[in-house]
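What follows is a set of structures to go through.
Across the two complexes that follow, subunit A remains constant while its partner is subunit B and subsequently subunit C.
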Partner chain A sequence: MSRARSYLWFFAKRLGTVVFALWSLGSLVFLMIKVIPGDEAQIAAGPDASPDQVALVRQRLGLDASVIVQYFRFWGRLLHGDLGTSITTFQPVLLDLERTLPSTLELVVVAMLINLSVSIPAGLIAAARRGGRTDGLFRVLAVILGGMPAFWLALMLQYLLAARYRLLPISGQNSYGMEPPRWTGVPTLDAIAAGNMASLLDALTYIVLPAAVLAVLYSTQIFRALRTSLLGVLESDFIMAVRAKGATERRVLIGHAFPNSINPVLTLAGTQLGAMIGAAVLVETVFARRGIGTYMFNAVAQKDMYAVLGSVLFIGAIVCLINLVVDVLQIVVDPRIRAAQFGRS
Partner chain B sequence: MRNMLKSNPVSFRAMGTALCLLGAVAVTHQDAAAQVARDKAILVASSGQINTLDPLRSDYNQTNVPANALYDTLVVFGKDNNLVGRLAESFKVADDGKSIAMKLRAGVKFHDDTTLTAKDVAFTLDRLKKLGVGAASLIEGYESTTVNGDLDLTINLSAPSALFLPALCKIYIVNSALVTANAGDNDGQTWLQSHDAGSGPYTVKSFEGQAVEMVRFDDYWDADPARPEGLVLKRVDESATKRDELSAGNLDVGLFLTNRDVVALENDPNLTASWFNSTLQAEIIFNTRVGPTADPRVRKALRLAYDYDGGLAAIRLGKGTLANGALPHGIACRPDLPPARRNVEEAKKLLAEAGQTNLKLQLSFQPVWEQQKQEATLFQANLRDIGVEVELVPIAFPTYLASLSDPKTIPQMMLLEDFAQYPDAGIMLMKGYKSDAIGSNRSGYSNPEVDKLLDQARVTVDDAARCDLYKKVQEIIDNDSVMLDMYTLQRSAVYRKAHVDGVGPTPQVTPIALSGLRLLAK
Partner chain C sequence: MMMQPNPAGRPAPVPGEAPLLSVDNLCVSIRVDDRSVNIVDGVSFSIRRGERVALVGESGSGKSVTARALMRLERRMKATGSIVCDGRDILKLSDGEMRRVRGGTIGMVFQDPMSFLDPLRTIGDQIAETLRIRGVSRRDAERKALHILDELKVERAAERLTAYPHEFSGGMRQRVVLAMALIGDPRLLIADEPTTALDVRVQDQVLALLDEISRSRGLSVLFITHDLGIVAGFADRVMVMYAGSVVEDGDVYSTFAAPRHPYTRGLLDAVPRIDRDSDRLASIRGTPPHVFARPQGCPFHPRCDRAFERCVIERPVLRELGGMRVACHRPEPEAAR
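Right after this comes the complex of A and B.
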């Protein structure tokens, strides 16, 4: 098979996997919602609605049809780009997601930046000073921080850094009157688009603490994975050869060992991005931020079927996309994987 | 560029300094601008998702609170729980109870400057009837509206109903032309989710689900310059977050804080922590149709087992009043019943009479509410004292609602906090205890005598006579031990004492009415 065809086949397989994963996810969530007790029509009609009113709403929402019919209707609409209408907000779910998702993505991206910018240097330092005091300190810190419940940590940091010492804002996304005109729904980007430096600085102060809280748990995982991977690579024969050539320890570590240790970090970071979107709900609740986590939590609590399905599929699609990007990055970064996938060039 | 910066560190520093200064100037400028507006605004933090601003869902508290600032109703309950006109200048129920004649206040403007007419009232009620959701459940029996003139109308009912007129205090009148223009395919529900079509003291500036920002409507018919120019209602679920924001001065009013946080803030010199009587009542509802709790003697025994005083003092920090009947304190037409008391010996005797030994029961509760979780545990411990084992069953509210459609699926016992949509005994009794009120009769209670009295009350136009009927019903319900009525709870609000005034509930809006908020004169 030619190299071009190999690449095409690789992407076709990956795309097929994504479609299958999303279909499975959607079907599973649909069935789970139907199995969970609770009547969507009753919720939409209100707690004091009479049986006649509930019946009217059930008919209007198409809930009087069999589950199979509802299932195919859902996928039929989805193929036309319609995720349905929320029974609680009365908005197209796509519009609800457009309002809530950007804020969560901003939180997750900033958290990931903090995560990587802390865990990678820490992993490098710990591996370089294996068995030393710094390594020991970092490992103990990783155990302590990794074991902390995110909710508790969020409340503690919020109390200490924001409420007590007033170093950062306590909750929200902007100060009163500092919200930039909405363009993307991401306060920092919107502030940049509006050319409003004050608004940008304001939005950044609001995101630092929630993003740091979200990053903490995940950075300990990346730290451990990188340290372990680096220690393995540093013991390998080619590193001995590099040292024999007279390379400095700094060059050995950053120039040779690190690129060869990055694969587990890439895989883990990819997985973490998806997990962070799910975990964002806790941080969003404590810091009173809008986001898809809070939206989905409400949707589940109120059995808002299309809102739940839409959120899950959207997050699923993002996770699939991230996995695809990670796969491609691994192929680009690691010649061993490239050779295994497409043969030697 | 890189080379330039390397070769000329002075330029780099100068540029950095300039950027910082620019940023600082911008920050200072923005802060100053925001500060001025901030002084004229009131920021309120509440809990729970504001799903929609459509007043159709005024039965949902998170919608009712902002709707009360954006819209007006035809009537409201006054201080003594008597109905007074708001948009309605006068109203009269026909002798046969089948229609209500109304004259509207002249010169009321909607936010787009159109004038309120009888057509808007007809449109609002017809829309509710057609959609049949939310507040529509409050106006069952609505038939049509006859528009007699720009300001004159007659509301026609399918059958006489004493419940209809009070329910109008929760029906917010919408601008018919504006809603029609934005009707879409769902009678304006999508558009009204984030816009308003009201005539209230505020109009929507922006709505993001987590926060609704409103600005004062200066052409309001009942305008008051002391009202803040801006009003923000934002969602902050965590009580600790609200507590810290209030202490820091970032919030002006905090609602739905835990009792513990409110008590903690009572010592803050910049804040006032107020407690208000409410119609919120904590109760345990028995399934009166199926299982051991179908026996009134068992229900009576269970009522005698609970430690009311201990629960109120320890769990609710004393912020409430022991219940004395099915309806909360603060509602008119309540009989003077003695509050429930714990009496273990009497409870054991009743259980023995009922032939119930080694009784095992299930108590459902919503674990998301911390205080209810504690009350469930206390009840479990109390029942052990009379030889009854209780299994605690967590339940989500939607699941509970679905269970009410059939007495066989109603939980054996359900711990709940319930409040009156508005202070009318009739609506609470009809919805809660009439045998045909499936879905809202949460105990499955069925008593022909009660049904008969309630049917009679529905068609009784004379207020005093109707009141007597309601009292009789409550006496029967209490004697039947349909529920374990724990206590009527107080609600709280914490606010900045140097900035805010007018914090308090109205009979139809709890915990506070946003339209009542005022800025303190500096």
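Right after this comes the complex of A and C.
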């Protein structure tokens, strides 16, 4: 098989898996709607609706048809981008997600950047000084920070940095009047697109604290995974061979040990991205950010079924996408995986 | 593998010339539970320029640790004594000076070439790295790498430079490892069981290559092995290690013809031979002692047929004996067999 064809084949296979995963997730979501206690028509019609009104809603939503028919209609609507209508915002769920998701993605991406830019250097340093004082300090810190509840940390930092010393804004996404013209819905990106430095700085001061809080737990995980992986790799024979060439410890660590230790870190970071979207709810609530976390939180509290299920489906799709990216990254890093996928390079 | 000693074609020792490497009373210890255990226990030897010395011993005898100590590669162990290479005491060098010795004055070839290559880097990258570390430009380093692979008779060397280790056969990988050690133009090559992981045919090829290269470059070689057949074909001198110390040191011809230490004798007898009638394979009784439980006196005495009271009490030192060095209270007679 030619190189180009094997690449195509690879992506076709991966896309197939993604489609299968999304179909499973969608079907599961449908099943949940049917299994969760509570009459859909009753919920949609509202608590004060009369039996006649409920019957009307039931008919309008097609809930009087058989489950099989409903299942196909459900998919038909999904494929047309119709995730149903929220009973709290009275808007199509898709529209709600379009408004809330960019903010959450911004939070999660910035949190991941903070996560990696703290945990990777810390992991490298700890592994290089194995058993030393710095290593010990970092490990103790990882245990303490890893065991700290995010909402508590959020409140403490909010109190200290925002309320007491007024270094950062307490909550929200922009200062009044600093909001950039909406384009992607991500405040920092929109500010860059608008070429408005003041607006960008403003948005950054709002994002840094919530993102840091969200990053803490996950960065302790990456730190530990990287340190363990590095220590294993540093024991391997080829590291001794690199030292025998006269390499400095920096070269040994960054040029050879790190690339060989990155695989478990990539996998972990991929699963973390998905988990962070879910965990964003606490941070968004504390910092009053209009993200998908807050949206889902409200939806659950209001038993807004379509809003919850639409969010779940959307997050699922994002997780699938992240997994695809992680797979590709692993292929980029490791020539052996490349060879296994595409034959001899 | 052939068993006949081959003393022909070796460079004659130049009297009065300072040896390239001289090791004096080298001890390598590791700390275990607040106790210091000597893995290498007072080893002394020297290697002349162009000389090829085999270091032989069973697993756990300390031969690999000795070899690595010469380059200070055992990071968790402490080495004492002196290792003078090319006029400088290795054990007294700063870390920076030591890095220049590694890959520069001393090159090292390792046992299992697959595990000693970085799986994520191309072969060319890894061979050139020794020079890149020393500030040579990428282009020059790669040209030199190509040159070395040609010298090692790697076919289509230019294409091979961009390949990864997993795409190579065992013999090819060993050539790559050899190239990594040779590119820095070392004076001493330490080869730690370089052929053990290879099949016999490839072993022969690699040995022939090593033989040719060390001869043409005037390299000193310390060749670590437990294969006595290789020793006979390749080395000028053989040193036998047992339980952390050298028990016998002599030129290959005399040692193989008439070993003076009972352990060496046992090793040679244990090599199966078709030119002698024997119903069963000879072997040395017992097992080599564990590093943490080496016996008092002569470490070999529990397994030795010639042992007497003195061997249990007093550890024999390496002494001159008819042109060889032997550490034994009751050596084998000069004309054994």
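Simple rule for what comes next: the second predicted complex is superposed on the first by the 322 of 345 C-alpha atoms of A that agree within 3 Å, B and C clash if a C-alpha of one lies under 4 Å from a C-alpha of the other, contacts with A are read in each partner's own complex, and residues count from 1 in each chain.
One rule holds in what follows: a contact is a pair of C-beta atoms (placed from the backbone, for glycine too) under 8 Å apart; a residue touches a chain by one contact, two chains touch by 3 or more.
In this text, all values refer to a predicted model and were calculated from it rather than measured experimentally.
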item: Partner chain(s) touched by A:L56 [first = subunit B, second = subunit C, both, neither]; value: first
item: Touching partner for A:I170 - first (subunit B), second (subunit C), both, neither; value: first
item: First, second, both or neither for A:D334, with subunit B first and subunit C second; value: second
item: Residues of subunit A touched, compared between subunit B and subunit C (which is higher); value: B
item: Subunit B versus subunit C as contact partner of A:Q91, first or second or both or neither; value: first
item: Touched partner set for A:P181, first subunit B, second subunit C, both or neither; value: neither
item: Of all residues in subunit A, those that touch subunit B in their complex; value: 36-39, 42-54, 56-57, 85-86, 88-92, 96, 99-100, 155, 158-159, 162-163, 166, 169-172, 175-178, 196-199, 201-202, 285-290, 294-295, 298, 301-303
item: Subunit A contact footprint on subunit B (complex, rising order); value: 22-23, 26-27, 29-31, 33-35, 37-38, 41, 43, 45, 49, 51-52, 54, 57, 59-60, 132-138, 140, 186, 189-190, 193-194, 208-211, 232, 234-238, 240-241, 244-245, 247-248, 250, 396-399, 401-403, 405, 421, 431, 437-440
item: Subunit A partner contacts - residues on subunit C that touch it in the complex; value: 68, 71, 73, 99-104, 107-108, 110, 112, 115-121, 129-130, 133-134, 164, 166-167, 177, 180-181, 184
item: List of subunit A residues in touch with subunit C within their complex; value: 236-238, 240-248, 251, 256, 259-260, 333-336, 339, 344-345
